[in-house]
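Shared between the two complexes below is subunit A, which has subunit B as its partner in the first and subunit C in the second.
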Partner chain A sequence: MFSGLVSSPARLAAVSAAKLGLLSSLVAVLAVSGCGESPQPKFVVGESTLKLYRPAQRAVEAELVKDFGEPNRPVVWQKLPVDFGAFDGVVEETAQNFSDPVKIKLTRKADSKVPMAAEDLRGAGLIWTSGANSDATAWDQKGREVHLDYEVERYDPETSKLAVRVTPAIAGEKGKLDPPKAGDKFTVLGPVLQQGHKLYMTHCEHCHGVSGDGKGPTGGYFDIKPRDYRLGRFKFTSTKSNDRARRDDLVRTIRQGIPGTYMPSFLLFTDEEIGPIVEYIRWLAIRGEFEEKSDAEFANGQYTADDVSQRQKGGEAREAIETALENYIKSEYPGVADDLADRIGGSWTAAEQPDALVTPKIARTADTADSRERGRKLFHSDTAKCAQCHGPAGKGDGPQTEDYQVILGTNKKRTVPGLFDDWGNPIKPRDLTSGIYRGGRRPLDIYRRIYSGIKGTPMPPFGTALKDEEIWDIVNYAMSLPYGSGSGVPEVNQSKIASASPVGGG
Partner chain B sequence: MTTGASSPTSITIRHGKEKSEAPAVAAGGGAQGGGAPAAAGGFGTLKGRVIFQGAPPKLESLTALAETKEAICAKAGIPNDKLIVGEGNGVANVFIFLPKAPAGVPVPPAPSEPVNFDQKNCRFLPHALIIRAGQELKILNSDSVTHNTHTGATRSENYNSSIPPHFATGIDFKYQRSEAKPCETKCDIHTWMRAYHLPLDHPWAGLTGPNGEYEIKNVPAGEQKFQVWHEAAGGGGYLDRNLTVTIKPGEVTTKDITFDASKLEL
Partner chain C sequence: MKRFWASVFILWPIVAVASGVISPTMHWWFPGAAQSPIGQRIDDLFYMILIIVTVVFIGTQIAMGYVLLRGARDTDGPGRALFTHGSHALEVIWTVVPSGVLLFIAFYQLDTWAAYRVKENYPMSSRLAPIAEVTARQFEWRIRYPNPTRKFQTLPEVDAWLRKPEPDDLYAVNELHVPTGKPIVIHLRTSDVQHAFFVPILRIKQDAVPGLVIPIIFEVLKPGPYEWVCAELCGWGHYKMKARVQADPKDDFEAYLKGLEREQFDDGVSGHGAKKATPTAAGEQKPEGVAQAAK
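Moving on to the complex of A and B:
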């Protein structure tokens, strides 16, 4: 398939062309032009960035390139809580020339979070931490000092030989660089991200897109949309309602898939494959959040395109607005961007801490008829209000699925009834009689769904409103529904039979 | 063929502390640009009324609007708080605020007492409030049903927590950062419930009462540019982005604001 290599606008064009039945001619065009270099995958500019006034938009785009790079040239931004993959290395023999392969010894950094296979280090970044090259500078032909970037040219795990490449190339001329000496130390950075990228592009990009926006070439055809990671929000987690997802949550979702959706189970991935994929997805999510929050900063300064035109109508001069914006971009935005990365990064780090994990304080209540009955009562109670969405019989057809909601941030009602998620997609409350549980079928999984809600959806977190034993009773009741609880729940949704009088305790 | 047989990647390293020499955020030098020059000294009061011109549209109660009556949790009819016009056509819940603290004026610290935010008869009370970033918002529930309070800030982390029935202890929440305009808070269980919170990093803001009056005390003297925002206004809610007022030290400046139906987007 060609699709993964095409940047998104081109891909969208391809999709709409396909709808017009033009796909065959398009393929023909691509076939003719498709023998040269493949187009490089690119990150898509986010919707909220596109709403900014042009100079602000360019500033955000430039910052993203500086901090995250492009898919094929990712940046290891060391302040992010991403395990980019780090090895400590030491040179074991002295080379003749800088670029000669030398025997080295590699050790994975002790604080590594992600298992990875060490074979492929090509292209990984390299920092000399001791020896003549550790100042990372050289003199160019005009006598100016230049900063050098090093990367792994090739590494052969069989012979433990490593060759290093340096950029800019001007400094690489023979005789100008000190050859590595025995005992020189260095750090290799980024191979996890590279392996993650490669695997992601092969297995995930179809649906989730190059940028993780859920708009891969196949994604558009699904009625249940692939996750757009850019809000940093994942539905099925083991963490509290205001916490991000843990690595383990993403590993579980990839391994098990999401039953009842198009997300398949990838049980055949090894730990060394799934680790880098998860890390790459976390990195894409952080990148997306960073973009959205950067946009919010500019919107806060009233620099959306709409703001600027309104401000001009209100009497402000365009030049004055632009000068102020330029000053902000130059003197404040770099600090703001650093701060954003720290705060977003801090949230992802916090999710890995033990106190972010939802752990029931008591063991599951025995699944007895009594417990199910208590659960049934709670299901219909004003405290839990489950029936409101999940319906009186748990079929996912509660009254809220028939109401027309007001679109957030506007005064307009939706034209379609029912519930919507944070990505703006229509969403149905789970039919609990189906026995299909998207976030896992263990009682603990259902407990966590109730305790923390489902992030990014209208399923609220009940952890502060229900006691542990109450949650377990609801778990027992909900899990009995696929088999007929025999509890006399009416099969007909009474709300559909116009009951005009308000119900419930006021 | 694999989909993403991308060409070999290569990594660039960006060190953590690269930007530490960037200048610290100068107080008041921020995104707004033209903050008013430092108050030459002294503070004054700004007060006035926000008045609706012409006959205000009558909004149907939310109880009447609900498609499925079961969704309504209160026996009492739930009034529509989108546009509240009181005596003498005064408009309630209009925010009048400086988008940022004027340059050179010391900003008083946020009050230590919390702002209460209750839920009663399936309505958020108050419907609109101003709070300082870092100040405590105490979320209460006077109803016999569970609510969940779900904030919608753009700069602060979103917050979502259920609030148990008859919960007088309250859950403490803080907006970490200020916002450019009021942000929407919702309840996912009772989807019509909406409230508007304006977290600011300074105290120079006012909110109109039931009859449209507002008063902002201790405004730094000099020319100040206020913004006027209401949830029912079109164009992002702004009734006026540039309400220019000259505040005289020790004096009360009166500024009435009028608007008509053409400004509304209902």
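Moving on to the complex of A and C:
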């Protein structure tokens, strides 16, 4: 049976050599060419924007690009309470060509405080503030960086050499470029946000989505949906019920994860990683809220697609509507957008102030049987009404979970029984016997859940209705529930203590 | 041509052996000396097997090379290769010798296996002082320590603790603190799919199997942070299960638990929470006029 092979070894060798050659050249081509440029991430147009009449929709989209840019090239808008990160730099040697790496000296601006990896500046925006390439029109009157002309191509902190390139989006549009000269000054803009973006895309985007809408590719599989940042609302915070989340709250959530959900702990992130991620998430939240509020302004003026067709049916001429809309977009919307940014930004700034923080006025009441009994009575009382949702035994099966709830902002009732959160997802009151505390298990955490409620959910704030002593009594009662005799022990079903020796390898 | 192929088949084992000799000097080698006694015993076994297979490999390759070259020479003339089949003596030798080697390995490793895998062999003091219960879940490690004041008198008491959390248990995630210098036991379970507890430098690897609570024993020799990963593909977020085993001298370990307790029972007033677990990104709102400064 080997006669064929033996008779023509040369032919065989030639065939295999040809095959081998083809394969190896294919591999070589792939290795050299890679898989091509990965597609640029894009912000997704929000649902409420899509409902607007087309010209209004376009106006909102254009405003968003102007104010926030694109995911990997954010516009630095000084007005926003986001630490974009900024460095001042001076060129220390004169280069031959524009793109040559030159020795520079960098100083971080004093007002940029978020920890970051200072050596990773790649992709950050750059503005020449002196020298031949300097651009006095880089900022507009609103404090937005409008000329996204240059960015850091690479920076080596060991040699202090920095190479600049023209932003890929406008590469080719720039004419002759003057090489940097010794003494030229520049500012590196947004490296914190840039780093936050890179880390976000690696670790967070696949659930939370490019726009922070909670619609990333893996997010869709969960029964507990990933947070959609665009309402600016985060559930587990240390602030009062109307306040936003503090940076510390987001840091804590990322470090500790949210037990009982698909949000895992990212404890191993360093401060230099977590700082930029939190900044990027805050920026996404602000952007999302800015979009939704802009849409609401247009909806108020009756410029949703439905409104416009109604108005046309009602006898208004399309041209008249469009002219009015155009006037609004030209003369009023820029001011409106500015106010929105102020308002939204202001609320995030306010959350960082000391008076936004919820701190108990008195220490936790001693966890005695008396205190728990008082807590139990409050739990069932008409003041706190805890049992309405959390159930008589705290198992999260109160009567409200089977009732038809009123839809938020309307007087219509839902057609499906049960509770819903502000994002429209069905939600269950916590089973207090499970021993799982999503927002943390410190008494302080549970105090804050009761004091401020859980933002975006039907859990209301009790900070004014209940006295501190009463809240602590409820905390003591709630924290005793997992250990109560009888039901509700957090036991894993069918779990048994291995009686045999350990099995399996890995 | 036949000499060419004979040389190719002789060349590759030479390259293999050479690269095996050179690799350690280029730091392309195993992950460093094991940091636990059981890991050192496992390493000893590993190196013993490595030596056996190296000797066998070199021996068989030399024999094969000899046969190839000899065959090439013998068929230079007009003669044809000699076909032989069946040598009873040879068959017996290459059955008995490898069997003997395998049996030797099988018996030689029993003690190490038993020390690591048979929990009846664990020191009673370690079994009665479980360090923690580690629950793997997609995609993190949740840790529950018994309160430092909790003393277990009997094994059923430990089992009861594993079945039912107690109010003063301490909780953590993704960072397991352990004391150095004594054999310790942790209990591994999973709340969803199969995972595996793997600390490479300690050579500790154990599957977490749904429905089972599996004790793992090990001793860490030197303080330090050790890489801890999941070694069983458990889903799309498998790679996220990076964590850290932090080994500390006994005093530091106890201090850590005390700090954890203070943090966990923090009420925001009593000063329980003096130790903050999470250093935070500071940064107030930027003052106006940054745009001006940039120009």
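Convention: the second predicted complex is superposed on the first by the 376 of 506 C-alpha atoms of A that agree within 3 Å, B and C clash if a C-alpha of one lies under 4 Å from a C-alpha of the other, contacts with A are read in each partner's own complex, and residues count from 1 in each chain.
What we mean here is this: contacts are C-beta pairs under 8 Å (C-beta built on N, C-alpha and C of every residue); 3 or more make two chains touch, one makes a residue touch a chain.
Remember, it's a predicted structure, so these values are computed and weren't measured experimentally.
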Touched partner set for A:403, first subunit B, second subunit C, both or neither: first
Subunit B versus subunit C as contact partner of A:416, first or second or both or neither: neither
First, second, both or neither for A:123, with subunit B first and subunit C second: first
Subunit B versus subunit C as contact partner of A:200, first or second or both or neither: first
Partner chain in contact with A:349 - subunit B first, subunit C second, else both or neither: second
Subunit B versus subunit C as contact partner of A:111, first or second or both or neither: second
More subunit A residues in contact - subunit B or subunit C: B
First (subunit B), second (subunit C), both or neither touched by A:78: both
Partner chain in contact with A:271 - subunit B first, subunit C second, else both or neither: second
Contacts of A:169 with subunit B and subunit C, given as first, second, both or neither: neither
Residues on subunit A lying within both footprints (that of subunit B and that of subunit C): 78, 127, 189, 495, 501-506
Subunit B - residues contacting subunit A, complex: 1-16, 19-20, 22-26, 29-34, 63, 66-76, 82, 99, 121-122, 143-146, 148, 150, 152, 154-155, 157-165, 171, 178-180, 184, 186, 188-189, 191-192, 194, 231-232, 235-236, 238, 240-242, 265-266
Footprint of subunit B on subunit A - complex, ascending: 1, 3-5, 37-38, 40-41, 66-67, 69, 71-79, 84, 122-125, 127, 149, 151, 189-191, 193-194, 197-198, 200-202, 205-206, 241-242, 293, 296-303, 306, 310-311, 314-316, 320-321, 323-325, 327-328, 331-332, 334-338, 347, 382-385, 388, 399-400, 402-406, 408-411, 417, 453, 458-466, 495, 499-506
In the complex, subunit A residues that touch subunit C: 9, 78, 81, 83, 86, 109, 111-115, 127, 129, 136, 138-139, 143, 187, 189, 203, 218, 247-248, 251-252, 255-257, 259, 262, 264-268, 271, 274-275, 278-279, 345, 349, 352, 359-364, 435, 441-444, 447, 472, 479-480, 482-483, 489-492, 494-498, 501-506
Residue ranges of subunit C touching subunit A (in the complex, touch as defined): 1, 117-120, 138-140, 142, 159, 162-167, 171, 173-175, 189, 191, 196, 198, 205-207, 209, 211-216, 231-232, 236-237, 240-244, 263-270, 273, 277-288, 290-291, 293-295
